[in-house]
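Listed next: structures, encoded as structure tokens.
Shared between the two complexes below is chain A, which pairs with chain B and chain C, respectively.
Showing the complex of A and B:
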């Protein structure tokens, strides 16, 4: 028993160091630093009470927009990638030739380095010579400046996020393969059409997987920062200044460390609220097999 | 009556089979179209990398280059030292992946098998840390490394955290795997006088090799796509990774799109090669992470 617990502490030592120094201590410091002014104009931290937060909510020209943009982007990216990946997974779940090949095709974007992906898409979105405008003009639609137009930039970036969601497809596919075929057959005998079978058989059976993917997609997309870092620098205007990017800018470009921690805290609170809502509502729509439901 | 019914149902089966065949053919067609759409951006980047800039700005654009200018790649390498960037990237990724996989395995083993005081509390803290996004702790960690420990322009802040448990999710994944291994194996080894660490090395690790590969792959993808931390911690040009190099290249070249696309396509290669080699485990891994419910 003694040897066992000694071994346990040896095995867990690295994880404990990580939990303390990489997660919880920085998390606590983030919270504390939010009450300090540090960096620009204050070489040493100065306690300023709630001033950072007051400035955030009353005087910051970027902050409120950054919340809106973050939520708008996550909404588009999460719904888009959930629908896209479930649809593709359902197609791949049918008995078609070269399934492995198709799976690789849809998964491919996920293994490309993010920076290169966004650079490549910048060229596709290019206003005059890009592929998309060529297609649009071919369809008789006026050219769009995509990421250079504040009306379309978030939508354009969300489209890339959907394109990148190959991992969701694979998880959905795994889930679909576990849906018992007898349920579908039974529903069909009862005269259920394709949509009804999807609605009343596939969705309930897949609900734990849908929940998991929804959670993953939400957390990933709320943290969106790379497109702003790689492509848009938050622009045009503030139309792609996501919360994480705003935090980055304050912390590492204008050197306002305490203030950036204030943003980090609001971001953390927001993402927690969404997670909690998702968890709280999940009980009513998640169906576990073997439940007396 | 019986006879009639029989022939009717046989006909029914035949028509159902025909229906299914038609549906599968339709699925295949949709998959081909959607697959082509998903690959189109990648093709467009590749074809752009083989063109002269003049050809690139031609209208209407060509889907295939006139002459395949592979010399673009040689040209690009003069400004975009791909191999050095690749080596730098691997200098971060390889130790991180190894450290993360080993420490996650150790942690997972302790949580799955060993008895010690405070286990439940520690496990909750570990699972709870999954809900802390990396951006939230970025600023305090940056302060810790650069001001506290005075580590500047170094790979250490990018590598070291992975030697601290390799992430709660991976610990959790390993734990789930070890739980599927029959305990009798350990017990037999204990009777033979093996200690817990000896059991880990001689029994558990060989049995969960595939799970460890999965963890390594997940870590690889995560690091491969991490741009923000690299931007925060690395300053000098000779230490640049592929992602940082691309960003710098984009800034310095402006609108020389054919060279930019050549650099982009070069950066795609390691991920694609890695995916083709590890495809089997890759998909398995994603599937398993999706099945943790």
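Showing the complex of A and C:
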């Protein structure tokens, strides 16, 4: 082996070891444990073939709803965060006064401790005396049970997720600053208005960034669990029982580890499907500078 | 077959080896000849210091056993114990969450403690003894019952008599609702009985009945049913009496406008109601006297304690996290000796004196001198009020919460809590919600859920 290769292997070794032991082996264990009963009623793992999966799809009172809720939440949160982040990033990309301050303000929610953020929102959303309802009542509008009503809870939680997407703003901002000014100038000379410049210059130049942010937002929001832990316990009813929360509940409250692994695997498969779809469709709309397409 | 066995073995090694390494091993005997045992607990650093103090006292008081304290954060306590059980590295003994006791017993993880107390000992109350297949597997380290707390200033301002402290005079449900109406005020100061009352603009509610799922059992019992049959062998939550009781709780908000909307999801009802100054009365556990009401009183809350209202039967439920001895222990006798010693009221005195724990031994509920020692101190409401409303009530009217004799209550309560979410908001009636989920509730009760 050449010295250069040896050095490369030595440098890569920690990452490889980390990936193998912290990512791939647990993933493999999770997949295998999905075929076992383990925990409640079975202190040692007992092989039960496909029983966990059969129960999951035929008898579990929470599972189907949890898939629907997760997808619904992800759709709202991803769409909302992408639009909000791009909009804020474009505003921050302009020469506004105190631009640095505003950049920090919009990024701040992302770095705050998640539980603290959610407990703060719990107060804002409180059904009887919360700030939002105080304002609504003051305006003569009927109170809204933001997180205590199954019709609004996912929407309310998605709104928090949108508010928390400061990381997307920063990435969008970096992307916007790399859009060559010369394209905008050329479009302007050709008579393009602001919307046309955005549609035909900014968006194509930003498409790799949009794709990256979309992917990150999708994966992050599908893994949503903290709002359910901090604010709703999956309720009211099952209306905020996200898949990850259901997994947590089965694994660590009900102690059905094998069954929870079954859910984890289905969840993994679901995220993979969405990711593959996103990748498959990306070629048609992502523009790479210098690409022949 | 062989391949499957090897595969399972591989899987087992994959998971067990790191856990076993993390858990470490325990020497059977220490250098000083004492038998080492480990006791796990959850709690704040202050509580940890108190537990450590008791362990130090125990260790210094004899030369046979050395107790080591294992602190685990409350939020991850059960998770950690489950992990340790899987790795066969459970401590010798520890405190446990009530709802997990029979689960652990079913998995063979708890030692039989029927021999812990001798014939001459004062034993823990029968109502706080956990039994699996008829055998005691744990005794609660503390007793706790559900009571009614109220804000005396709000009652005085409304010119309404305080709730009764004697169970003999307990309010009927209708009397309770009627009083709550007098104490529910809108922004213009009209109460819920006034024709000018504006339910859209309520600034003070008359009551909040805690609807955390396990606490709802008391109302089903009070209405002559319960979540389960008396022997815990079948599910009775769909009995008309149980359904009616749950609907009555929901109607406090939905129909009578005397209670705030509560989703029944968090365990902080007293803070959200009485201490927040939004409700005149609330139900909850006796532990609140020490955990939050004492400091609220210092900040000006003039509160009192009374017995619960009743529907058909006068009843409260009792509970309390137990100290258990794990069957994986190599020294169960020593562990039992420590647990029994540790459970003596004298060793938990700071918690009892503060009003967080209630004693477990029967003598503390019958001996006047001991009762005075326990509650005749400034941490509690006045003796004349607290004794009938809590001490006598606990002795004469309390019944075990279901998890003392019913397994799988975690899954049952989780499912029931989830089903009832739409009942509190009025999206479904209690009957609809329970009928829709009854099959699943029975499956959860059986352990299939």
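Operating definition for what follows: the second predicted complex is superposed on the first by the 270 of 293 C-alpha atoms of A that agree within 3 Å, B and C clash if a C-alpha of one lies under 4 Å from a C-alpha of the other, contacts with A are read in each partner's own complex, and residues count from 1 in each chain.
Note that in this section a contact is a pair of C-beta atoms (placed from the backbone, for glycine too) under 8 Å apart; a residue touches a chain by one contact, two chains touch by 3 or more.
These numbers were taken from a predicted model, which means no experiment stands behind them.
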*Clash or fit: what happens to chain B and chain C when chain A is overlaid?*
clash
_Tell me the contact category for A:33 with respect to chain B and chain C: first, second, both or neither._
both
_Contacts for A:252 in the overlay, against chain B (first) and chain C (second): which applies, first, second, both or neither?_
both
*asked:* With both complexes superposed on chain A, which partner does A:145 reach: first (chain B), second (chain C), both or neither?
replied: second
_More chain A residues in contact [chain B versus chain C]_ = B
*Check the residue A:4 against both partner chains and state whether it touches chain B (first), chain C (second), both, or neither.*
first
*Of the partners chain B and chain C, which touch A:131 in the superposed model: first, second, both, neither?*
first
*Would you please give the residues of chain A that touch chain B in one complex and also touch chain C in the other complex?*
25, 29, 33, 128-129, 252, 257
_So in the complex, the part of chain B that touches chain A is made up of which residues?_
23-24, 27-28, 30-31, 34-35, 38-42, 44-45, 48, 56-57, 59-61, 103-104, 106-107, 109-111, 114-117, 119, 122, 125-126, 129, 131-144, 161, 163-165, 171, 195-197, 200, 221, 224-225, 227-228, 231-232, 242-243, 246-247, 250, 257, 260-261, 263-264, 267-268, 271-272, 274-275, 279, 282-283, 286-287, 289-293
*Within the complex, which stretch of chain C touches chain A?*
4, 7-8, 11-12, 14-15, 76, 78-79, 82, 85-86, 100, 103, 106-109, 200-202, 205, 260-261, 263-266, 276, 278, 408, 410-411, 414-415, 417-419, 421-422, 424-425, 427, 437, 440, 443, 447-449
_Which stretch or stretches of chain A touch chain C in the complex?_
25, 29, 32-33, 38-43, 45, 47, 59, 61-62, 127-129, 137, 142-143, 145, 147-150, 232-239, 241, 249, 252-255, 257
*Residues of chain A touching chain B in their complex?*
1, 3-5, 7-12, 14-19, 21-27, 29-30, 33, 88, 91-92, 94-97, 102-116, 119-121, 123-124, 126, 128-129, 131, 134, 163, 167, 170-175, 208-209, 211-213, 219, 222-223, 225-226, 229-230, 244, 247-248, 251-252, 257, 260-261, 264-265, 267-268, 271-272, 275
